[in-house]
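One chain, subunit A, appears in both complexes that follow, with subunit B as partner in the first and subunit C in the second.
Coming up: the complex of A and B.
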């Protein structure tokens, strides 16, 4: 099985190499059979990667510890589900998994475009194959997953216990899906540049793939936050750790890209800018992988230090130069059609939105690599912590939040006072009303006050948009309000899916603002049967409970919890000591989540008759998860194609609205 | 041509970004220093917060029974010097003897202690070279925190 896995990797490498040549040569000479052959090579590469991955899974399940990777990430007692997840538990396996997903996306893309987008397909496919080729090079020569260890241990080291939780099964794959999926819009964009066919076909294709990637990324980044929240036991969900930042930066640029491409689609502006953004997003996915795996930056959860860093740098340099060269080469064709006229126009607010996303990304990038830069420049290692990121990005986030409300409703070209009054007067009044409610409730700090009232403003703009749309529907075809909304939304999925995403964003903003400004935490040391309280909750400690599982020892400290005097149950914060991993203990946090607040308890230390707890009361954290769920669902909704016939009356409606605005 | 007023707007945004970042860095930066530097010039490190990197010296860990607090010595491999540290707060699960730690805080000259306000510890099982893997597989280091 070792040989089969290894040989299929070699075969995949050769096949990819052939496929690249066939794709580019076939595309250049317009030789269709050769192009088809390169597309078949993509599908065959997927098959070979699948064989290789199954071999590694097989070796892990059969406890073949002579394979170094298996000994590292698996052990005899490891539950089957974590044996499955250990394929991506460390360096070389996760590279294999990455390649597998990349090949799968490439194959789906090829199938989807058997008859479509033919002018750019050869090059786009060639670029995807080149990406596969790069990872296969690493797998064959730098980080081989099937390499044998120098001896055969009787048992493996096992997956790091911090990673043995359900998030490990779902978080890396969803993040990988997002990061890797960005390869496809990048390939389409470069394919369009190569072929010189810069009509709107490529815009539609990249936008769709971009939305898919964005959904996966949103989901993956959030799962990372949830993992940190439930497993790392420090009471928060985002620490601006380099690894978190590495996954967040591509998300920011991908989001900017999805906005700018709308302007290209509708107004023919910002063409070259789109290409720059998609190239940047793609490079950031590579940069993230580089950052996590090269050991350049210290992080609390970096996985393995290794020698693959230089290869990533080389690949990033090659792809960036190629992309920028192509953009310059085609610059004549990328001239914009329309012209921007006014600050008070939808065009300009979209541009502003893009600048803000890029600024936030640049801030995060700068903060993440600051220790390295400062050491190069001054010889002194200086680091900037979470305060830097919070302080610098907070005003930018605030501006972005306000734009979320303004952008979709402001008129094209130049807004008039009439347009302004029509769309914004109620939401502004509502936002100010929200601010006064916050003031009465005792919010005195400026930043949360502004964030919350802006969130109210944006929420109201979205609400009125649905309300007015539904009323217009009712005027055309009389019906009840709710069916009218459903009718409205299903007829223009892109517009209302987008609004739904923005509504999710508002919830996320409220959740983050409230939980970061109004959370409290305290340490409590108590005797058996002693009680203590925080906020509306009071807890009674009922003495230690110990038990032994096959793979770990568990110490628990059960707490009887009541809220406002009413008993609501028992929470059990625990410490696990895994038998592998050098007896490294691990906190199992006990969390009681409600819509209103999370009670979050960590068992800190203990003796026979007392225990110390770190108790957090985090308000509205649940809103963040709900908001993200809405964002992802909104993104998926956008992807459902509109029925052409059903759209016609709505187009009329839009036109009437536009006339009314003008 | 891009109209000049949009160039001005872009310039303003760029300017405020630079201003925000400059301020942010000044407010939030923390310098990394070495254990020998602190021992040689203790007076220089009492004012501002600094970061130190080193190992937890075996045999020096003392966990307080009634609070989340720990005393230990941070050991600098290059100079073989160590410095006593007191830390109060969440003790990371990965904290144990010989673990690589990063601490942040101030040096107090009067009691010759480094008072840490942040403690990061790195799990020692993340290296992939053959020797280190075998060390991991073979070792059965006793748990540190099971019975404080």
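Coming up: the complex of A and C.
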């Protein structure tokens, strides 16, 4: 099995190399059989990567500890589900998993475009194969997953206990799906630039793949937050850790791209800018992978130190230069002037939107790399953590939130005072009303006050958009309000799917603002059967419970919890000491989640007759998860094609370009 | 026989002396400091306020003691910087080279703002090449104003 896995990787590398040459040469010479052959090479590469991955999974399940990777990430007593997740538990296995997903996306893309987008397909396929080739090079020569250890241990070290959490089974794959999916828009964009086919095909294709990537990324990043919330035991879901930031930056740029591509679709503007955004999003996925794997920056999420960093830097430099060169080379064909009419227009708010997204992304990038830069200049280590990111990005988030309300409702071309008043007067009044309510409730800090009132404003703009749309539908086809809303939404999935995403964003903002500014936490040291309380919750400590599992020692501290005097159950915060993790105790948090608040309890320390708990009362955290679910569902809804394809702007663009070419 | 690993934790707990419950210092005052200090337990970039480990608990109590003794936030930060270096602060101080760290994002933001203005002017195409000038006949003016009104209503 070791040899089969190893040889599959070598064969995949050779096949990829052939596929790249065949794709580019076939595309250049317009030699269809050669192009088809390169596409078949893509599909065969997927098969070989699958064989190799199955071999590694087989070795993990068979406890073949002579393989260094298996000994590192698996152990005999490890539950089967975590053996399965071990494939992406450390460096070389996760690279193999990455390559497998990349090959899968490439194959899907090839199947999807057997008869479509033929002019750009050879180059797009060549670019995807080149990405696969890079990772296969690493797998064959730098981080081989089938390398043998110098000795055969009787048992493996096991997957890091922190990673033995149900979220870690699904979080990395979903994040990888999002990050790797961004390879496809990159390949399409470069394919279009290589081929010179800059009509509308690349616009539609990159947007759709961009939405898919965005949905996976949104889901993956949030699952990471949920994992951190449940597993790391510090009461929060986002710590501005460099690796967290690395997964968030491509999301920001992908979001900027999905907004600006609308301008290209409707007005034909910002083509070059969209190409730059696609390239940037792709490079940031590589940057994130580089950060996680190079050991350049300290993070709780990073893999062990390795020599893989310089290869990623080289690949980033090559792909960036290639992308920018092609954009420059085609710049004359990418220009389109004269469509912008006014500052007070939807087009201009899209520019502002992109400015804010890119600025936030840069700030996060800068904060992530500044410790390295500072140490290099001053010789002294520093930390750039939450205080920096919260202070610097908070005003930008606020501006972005307000823009979320303004952008979809302001008129194209030029807004007039009349339509401005008609669309915004009620939401503005509502937002000010929300601010008054917050003040009455005792909110005195400026930032949460502004964030919450802005969220109210945006929420109302969305509500009125649905309300007015449904009323218009009722005027055309008399029906009850709810069927009219359903009719409205299904008639224009992109528009109302987008509004659903914005509604999710509002919930996320409210959840983050309230839980960050109004959460409370306390340490309590109590004796057996002693009670303590936080907010509406009272807890009685019922004494230590200890047990030994095959892979860990467990100390639990059961707490009988009541809310407003009514007993609601028992929570059991625990500390686990894994036998394979050098004795480092790991918190197992006890959480009682409701829509209103989360009671979050960490067992900090203990003696035989007392225990210390770190208790958090986090309000409205559930809103964040609900908001993200709405965002992802909204994204998926956007992908469903409309029955009547309202493609008028795109057709106009096609016609204009055809006329220009004629 | 293997010693239970948490025995070390138990010993550590036993060595901690808790402060009296009637401390004059509010928990929020402690938080205002611990939100800006990195826990020295070894987890990178985890703030004391966000860490639930034994070391975080110790540091919380140290901060509480220092505040009770009348130390200012700045003095407490200096106390930890003297022990652990600048790395112990959650964000760099606005001094020396680190000023760049704080202000560079705003510089880029401002440059981006200029870029938006330049982009707007470029996209607007101020050469007037594609601006249609209406003729002045009364009928055209009537239609023109009607069209402008409908356009204004169209996209809302």
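Keep this in mind: the second predicted complex is superposed on the first by the 641 of 662 C-alpha atoms of A that agree within 3 Å, B and C clash if a C-alpha of one lies under 4 Å from a C-alpha of the other, contacts with A are read in each partner's own complex, and residues count from 1 in each chain.
Everything below uses one rule, namely that a contact is a pair of C-beta atoms (placed from the backbone, for glycine too) under 8 Å apart; a residue touches a chain by one contact, two chains touch by 3 or more.
Only a predicted model underlies this, so the values are computations on that prediction, with no experimental measurement involved.
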Contacts of A:90 with subunit B and subunit C, given as first, second, both or neither: first
Contacts of A:212 with subunit B and subunit C, given as first, second, both or neither: neither
Contacts of A:419 with subunit B and subunit C, given as first, second, both or neither: second
Touching partner for A:614 - first (subunit B), second (subunit C), both, neither: both
Which superposed partner A:239 touches (first subunit B, second subunit C, both, neither): second
First (subunit B), second (subunit C), both or neither touched by A:151: first
Touching partner for A:180 - first (subunit B), second (subunit C), both, neither: neither
Partner chain(s) touched by A:553 [first = subunit B, second = subunit C, both, neither]: both
Touched partner set for A:72, first subunit B, second subunit C, both or neither: first
Those residues of subunit A which subunit B touches in one complex and subunit C touches in the other: 233-234, 298, 300, 340-341, 343, 348, 351-352, 355, 359, 362-363, 366-367, 370, 380-388, 391-392, 396, 523, 525, 553, 555, 575, 577, 583, 585, 587, 602, 604-607, 612, 614
Touch list for subunit A against partner subunit C, complex: 233-236, 239-242, 269-270, 273, 298-300, 336-341, 343, 346-348, 351-352, 355, 358-359, 362-363, 366-367, 370, 373-374, 377-378, 380-388, 391-392, 396, 409, 411-416, 418-419, 422-423, 521-523, 525, 553, 555, 575, 577, 583, 585, 587, 602, 604-607, 612, 614
Touching residues on subunit C, where the partner in the complex is subunit A: 4-6, 8-10, 12-14, 16, 18, 27, 35-36, 38, 43-47, 49-54, 57, 60, 85-92, 96-98, 101-102, 104-106, 108-109, 112-113, 115-116, 119-120, 122-125, 127, 129-130, 151-156
Residues of subunit B defined as touching subunit A within the complex: 2-3, 5-6, 9-10, 13, 17, 20-21, 23-25, 27-32, 51, 63-68, 90-91, 93-94, 96, 102, 120, 122-128, 130, 133-134, 136-146, 148
Touch list for subunit A against partner subunit B, complex: 68, 71-72, 90-91, 149-151, 153, 155-157, 160, 162, 233-234, 298, 300, 302-306, 340-341, 343, 348, 351-352, 355, 359, 362-363, 366-367, 370-371, 380-389, 391-392, 395-396, 523, 525, 553, 555, 575, 577, 581-587, 602, 604-607, 610, 612, 614
